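Lettered A, B, C, D, E and F in written order, each chain numbered from 1.
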Amino acid sequence: MKLIMAIIKPFKLDDVREALGAIGVEGMTVSEVKGYGRQKGQTEIYRGAEYQVKFVPKVRLDIAVDDDIADRVVETIRDTANTDKIGDGKIFVLDLASAMRIRTGESGNEAL
Amino acid sequence: MLRRLIAFRSVLLASGLAVLTPTLALAQDGGVNGANTAWILTATALVLFMTLPGLALFYGGLVRSNNVLSVLMHCFAIACLVSVLWLVAGYSIAFGSGGALNQWWGGLDKAMLAGVGMDTTSGDLPESVFFMFQMTFAIITPALIVGAYPERIKFGAVLLFTALWLLLVYAPVTHWVWGGGWLADRNVMDFAGGLVVHATAGTAAIVLALALGARKGFPGDVSPPHNPGMTMIGAAMLWVGWYGFNGGSALAADGAAGMAITVTHISAATAALTWMLVEWIKLGKPSLIGTVTGAIAGLATITPASGFIGPVGALAYGIVAGIVCYIAVQLIKQKLKIDDSLDVFAVHGVGGILGTLLAALFASPALGGFGYGEGMTMTSQFTVQVIGVVSVVAYTAIVSLIIIKVTQAVAGLRSSEEEETMGLDLSEHGERGYSL
Amino acid sequence: MLRRLIAFRSVLLASGLAVLTPTLALAQDGGVNGANTAWILTATALVLFMTLPGLALFYGGLVRSNNVLSVLMHCFAIACLVSVLWLVAGYSIAFGSGGALNQWWGGLDKAMLAGVGMDTTSGDLPESVFFMFQMTFAIITPALIVGAYPERIKFGAVLLFTALWLLLVYAPVTHWVWGGGWLADRNVMDFAGGLVVHATAGTAAIVLALALGARKGFPGDVSPPHNPGMTMIGAAMLWVGWYGFNGGSALAADGAAGMAITVTHISAATAALTWMLVEWIKLGKPSLIGTVTGAIAGLATITPASGFIGPVGALAYGIVAGIVCYIAVQLIKQKLKIDDSLDVFAVHGVGGILGTLLAALFASPALGGFGYGEGMTMTSQFTVQVIGVVSVVAYTAIVSLIIIKVTQAVAGLRSSEEEETMGLDLSEHGERGYSL
Amino acid sequence: MLRRLIAFRSVLLASGLAVLTPTLALAQDGGVNGANTAWILTATALVLFMTLPGLALFYGGLVRSNNVLSVLMHCFAIACLVSVLWLVAGYSIAFGSGGALNQWWGGLDKAMLAGVGMDTTSGDLPESVFFMFQMTFAIITPALIVGAYPERIKFGAVLLFTALWLLLVYAPVTHWVWGGGWLADRNVMDFAGGLVVHATAGTAAIVLALALGARKGFPGDVSPPHNPGMTMIGAAMLWVGWYGFNGGSALAADGAAGMAITVTHISAATAALTWMLVEWIKLGKPSLIGTVTGAIAGLATITPASGFIGPVGALAYGIVAGIVCYIAVQLIKQKLKIDDSLDVFAVHGVGGILGTLLAALFASPALGGFGYGEGMTMTSQFTVQVIGVVSVVAYTAIVSLIIIKVTQAVAGLRSSEEEETMGLDLSEHGERGYSL
Amino acid sequence: MKLIMAIIKPFKLDDVREALGAIGVEGMTVSEVKGYGRQKGQTEIYRGAEYQVKFVPKVRLDIAVDDDIADRVVETIRDTANTDKIGDGKIFVLDLASAMRIRTGESGNEAL
Amino acid sequence: MKLIMAIIKPFKLDDVREALGAIGVEGMTVSEVKGYGRQKGQTEIYRGAEYQVKFVPKVRLDIAVDDDIADRVVETIRDTANTDKIGDGKIFVLDLASAMRIRTGESGNEAL
């Protein structure tokens, strides 16, 4: 199993979720995060003074998936979250040692 | 003796406005005018509302989220402290008859409201009503100074500074201008507090900002206002309350009050639009915080003139206030790098001084104003206004500095760096602003 | 000439209510009544408070969190812009005596308050007070329209639309109804603005919503109100301020004002409970937003009738307002799929029109009302009310549409999709609502 | 017949204060005094503002973030419900002339405001104005009880309890004290509602808290206030509104009103500073919530005495209120472990009772007060005050308990544990407080 | 060492923390997250219009533990967070390459 | 590649970000988290009643880096975030199976 961690632009969340649903991924966990990278944050101006907002709001998806479909999930996220503009984000893949569904105690692929 | 009213009335009479419709028919000597009393009771509530919660919100929205409660606390505690001190001595110093020293202060005859009962009058108002109305001015003035020192001051210092400042700066200056003191004798024009309120608060603010030093990270790296909507709510409440501030300063429910709120409102609206346009042109976007700051600048600037000038003058006041206060903010923060954090001097100090000086101009009937006091001309009035500004600013600066030194010695001024990083909400008050 | 007051008084007199206790003893011809002045000064502050910050908060809580500042900005900037225009020409168009064209508009004689000084009167009020009181109505009317276009309009369009609309729709219609124009001549009953304020704002709102198009995602996928508590605070302030709106429209501190706030309050309370019950029955849960929306519906609906009907009529008004406006919201949003985003037409338009028509019914003494003007009967009055509604709605719709086309050509109406996604706070004003 | 005014006036007359400047010249028998009307119209708006949104915010900030809307909803819905019931029967029970049973209640003669038109008067006010002013008191009293039961009560129970309580407790007790009932006959002193408002609400609160049981996790593990700034805003609005509450209770725009707001303000300020100091000494830090709670304690405590005592007495009231209410909070919550969640009894109940008893003392001219009614002495007055407190508290406790039992049987009192965990906003109203 | 990442219902947080304390786990890092899965979010209704809240508020625990007790930690979370209702959440286990305590520079098991 | 996950004190965020920039790490993702550990939360007092805040606000950094510089990144964080006071936080290192830049589709070290 893999744990796929994707950092994407917030307004792409709904699209990505739907695209993943279409290929059979029904569960995921989402967090609001702040990204630092090439893309710079907005400048805000209050009473004439500039405030450089150093972070850019991003959304992070954590998705545990079976090894079989990991590549397809990565591709799907890539295709859907892509806007060809700087700051589109990253997809990281980690090996998952084990997984368990709390409600049933099932583990492995059953748990996802 | 109510010199302020008398001074003001005489200005009107002298300028040929004696035909003001007599609304005061009910008030014989020592009698109470119910209509005026109704309006000043209302105005008192409106002016209290300006500080609690108006100004508190206006300032609270501009700081970091972990300092919002400390700003609200400053305003609330100042309101409480000043109220008690106003009863104990402040009112007497400001509005008592100081005997031989009456040019300078009002003495302590009226301390604890000695001799004032339900049927004591001040002009055609119950004296208790006049006492309360003036108290709300005494509350907001030191509360304005809160904008100079947020995010880094010790709470004890706020209390000690405020107490001394009220008795040693605000009350005497009020006596000079409105209580029959030396500036009143010279016919200085300050309808609702350009000198008494805004010039004193602004001057004290910049002195205090210099003594205290800048916030960590200033100017390049301070946090943006945590809640501009809160600031707008506060500004809106200040605007509404200002009807009581300037309209109530007529001390009657009459055409003078009506004209005062008219010019006040027009100046606020014009200054807000002006500031908005300046930002739009210079920075590409008109901001909410800029626009509401402009409104406050317009209100502060017209305050000293609000009983003397007409609607067209108010338009001019608004434009000037919007531009000049905008420049003042940039100058003090960006050029001079003084961390008068919420721009008290740039908005209130500059506005109050500007409005006091311009009053000599725009009171002229030729410019739609309602004229000068007996024997006064535009030139002689302007001279008096300059004397008023210079003496009030100088006195305030010097005495404020002494008070700051005393406060530093007794209570300490500034929080530790760790407390500043943590925010004053937790470090000084043990509370957090938001648990959402 | 103050046709509104006169028209209203004549209605009362004609209906046998001439015995109204004479509180006006002080006011000889041209004299100022201090008590009435005190109350209208207060009412002016209350009505300003309805917009700043009442309505701004009411609307601000209903949008997404990244549009809250833009809504506050709309209300604030509209208030400023209208204030200046009211001085420049609006007041004169509405309340001047238009000479030969007086049936249609008031002309420009009073532009810049020409000829109005401290001692000028309007009825038994200083004219400055009447000018200011009416200005607060002129402010809130275009501010109500803000609810039609949040989250997607350009800020420049808001300003341009508002300016034209104030001068070309609001001011003339006000003249027709309250300024001695053709509807006043026909004895149309509109005590505090069912036609002048709510019908005009509601009509313009739906026209603008259609021209602008729906928000991205509407209707299925828009975000829920980001802060219902803010909306409740705004509703509460609107309610309190409405005492000044309807109670002040008596232009006196007397039994007419007292009865006006009584029926106003009862209608609001009843409509809120009604809406709450409807939701409870239909949806299983009574919501805060529904309940406070019901109160506003009750307030808007009784506005035109508040000087003519009694407390029992007010109960009926509240029930009808709660049910009809609830249905109107569902119809327009869910059935017709018109994104009048914050339901301006369904609540204010429908409420104002409904209340104007029902006034002809409930003014009947048989239903606890205070009767009709001289020579009027229920039927003839109802006919006049229908004429009023149809003409005001039609005129407003047509002229608003023209103004929208002009605005679109000059300034553009709608933000880009990217700006809409980002939220107008950042895209139009460069600010963020919350940095918690 | 307006016994309250008469009772109060006779107290003043009897104590040698007959020389009160006659502001009432305009008001012959049955005539309306415009100035007093202007002030009471204003005071009515101020007192409504205390509940909507003042008290709602004061309480809303103190609960968890997922219960904030339910608290606002409680206050809003109570305001609506009480308004309708006040018209239907409440006002008549409180202020009607109950015929043979007039000692106990006012009967139903004035139900639906039967016989009250625009020109009906009560004293020198239009009766509609008196009706509305009193209605705002009837609204806030059951709204105060909201603080006893947040975060765990069913919404239906709130409505049913409130309706019964208004008619069976509030209205009769009001009749006893202000409507010409048996306590008025005995010259009980309760200027603005120490017994009628605060003692009844506080007593009902603690009975209800006991019947309902504590919140999950109480006392060790409840969440801290989610938004202390909101609480401060509410407290500020309550303070401003209290000028209308106590100042309006003079029912005139005169020196009595002026003195009432003076002592009210001084007591609030002093109590806030006192509570702040107690916390500073005991806990090491002065908190915002503590300080504003102190202000409310000072306001509640002086309410019954605000027409009878002088400024120096007000200082004493403030100090006593700050200390005693602070101790009461600790005692009830920490010692007795009663989850009167937002300290209604400790602040309002204790404050109102304390203030009622102390009034007998501080009304003494020797202590700066304005004296007793005809034939009354400090001792006889104190006896009457004790009788008033004991009877009102006992009656309220018993009848409230019966109402609670009925409510429990009909509607159920308490939410399920799951609903409580989820928060009442979602479970009862289907809404969320913040989507930031 | 393992990094245990558990997604649980928010109201179970206190219970889980206590249960883990009882078996010797004293440190953890908690984030507020939004979960998508079988459990659907609440429906909210404003002015008669339905708003389907697509996410369900969840809490995520990150707990670094020695290999020895990893299984016991998983079991404890499972037992405590379980309500037998849909949406109880998941437990994921990842291999941890290294750990360091910033204050002391200790690494490995010492750091936990 | 490694995924470095550091839990630090919030007020150290800017310092750490700058120090990492100095050694060539330009991207990272930041979340606000709550920490449980030896350091205890602040006590708040409202109306005389104590509220023990059980969590301490912390900031979590997720930084994907090339294996080469992983150790240097860990050391840099350690040095910069250290205040010698309890609660300074932890640094965890995980193996990263793959990484992809959404905008370009680049993977591996190119993606970071």
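Note that in this section a contact is a pair of C-beta atoms (placed from the backbone, for glycine too) under 8 Å apart; a residue touches a chain by one contact, two chains touch by 3 or more.
A quick note: this is a predicted structure, and the numbers were derived from the prediction, not measured.
Each step here moves to a touching chain, and the least such steps from chain B to chain D number 1.
Centre to centre, using the average C-alpha position, chain A and chain D are separated by 54 Å.
Mean C-alpha position of chain D lies 53 Å from that of chain F.
Per-chain CA centroids place chain B at a distance of 33 Å from chain C. Across the assembly, chain A contributes residues 31, 44-46, 94-95 that each touch 2 or more other chains. With touch defined as above, residues shared between interfaces to two or more other chains in chain D number as follows: 26, 33-35, 38-39, 42, 223-225, 228, 253, 283, 285, 287, 289, 430-434, 436.
Taken together, the touching pairs give a contact graph of some other shape, not a line, ring, star or complete one.
By the document's touch criterion, interfaces exist between A-B, A-C, A-E, A-F, B-C, B-D, B-F, C-D, C-E, D-E, D-F, E-F. Considering their complex, residues 62, 219, 222-225, 228, 279, 282-283, 285, 287, 289-290, 293, 326, 329-330, 333-334, 343 of chain D touch chain F. Listed in rising order, the residues of chain F touching chain B in the complex are 11, 42-46.
Within the complex formed with chain D, the residues of chain C that make contact are 17, 19-26, 33-36, 38-39, 42, 46, 64-65, 223-229, 232-233, 235-237, 239-240, 243-244, 247, 252-259, 261-262, 265-266, 268-270, 272-273, 276, 283-289, 291-292, 295, 310-312, 315, 370, 433-434, 436.
Considering their complex, residues 3, 17, 26-31, 62, 64, 94-103, 105, 111-112 of chain F touch chain A.
Residues 421, 426, 430-432 of chain B are the ones touching chain F in the complex.
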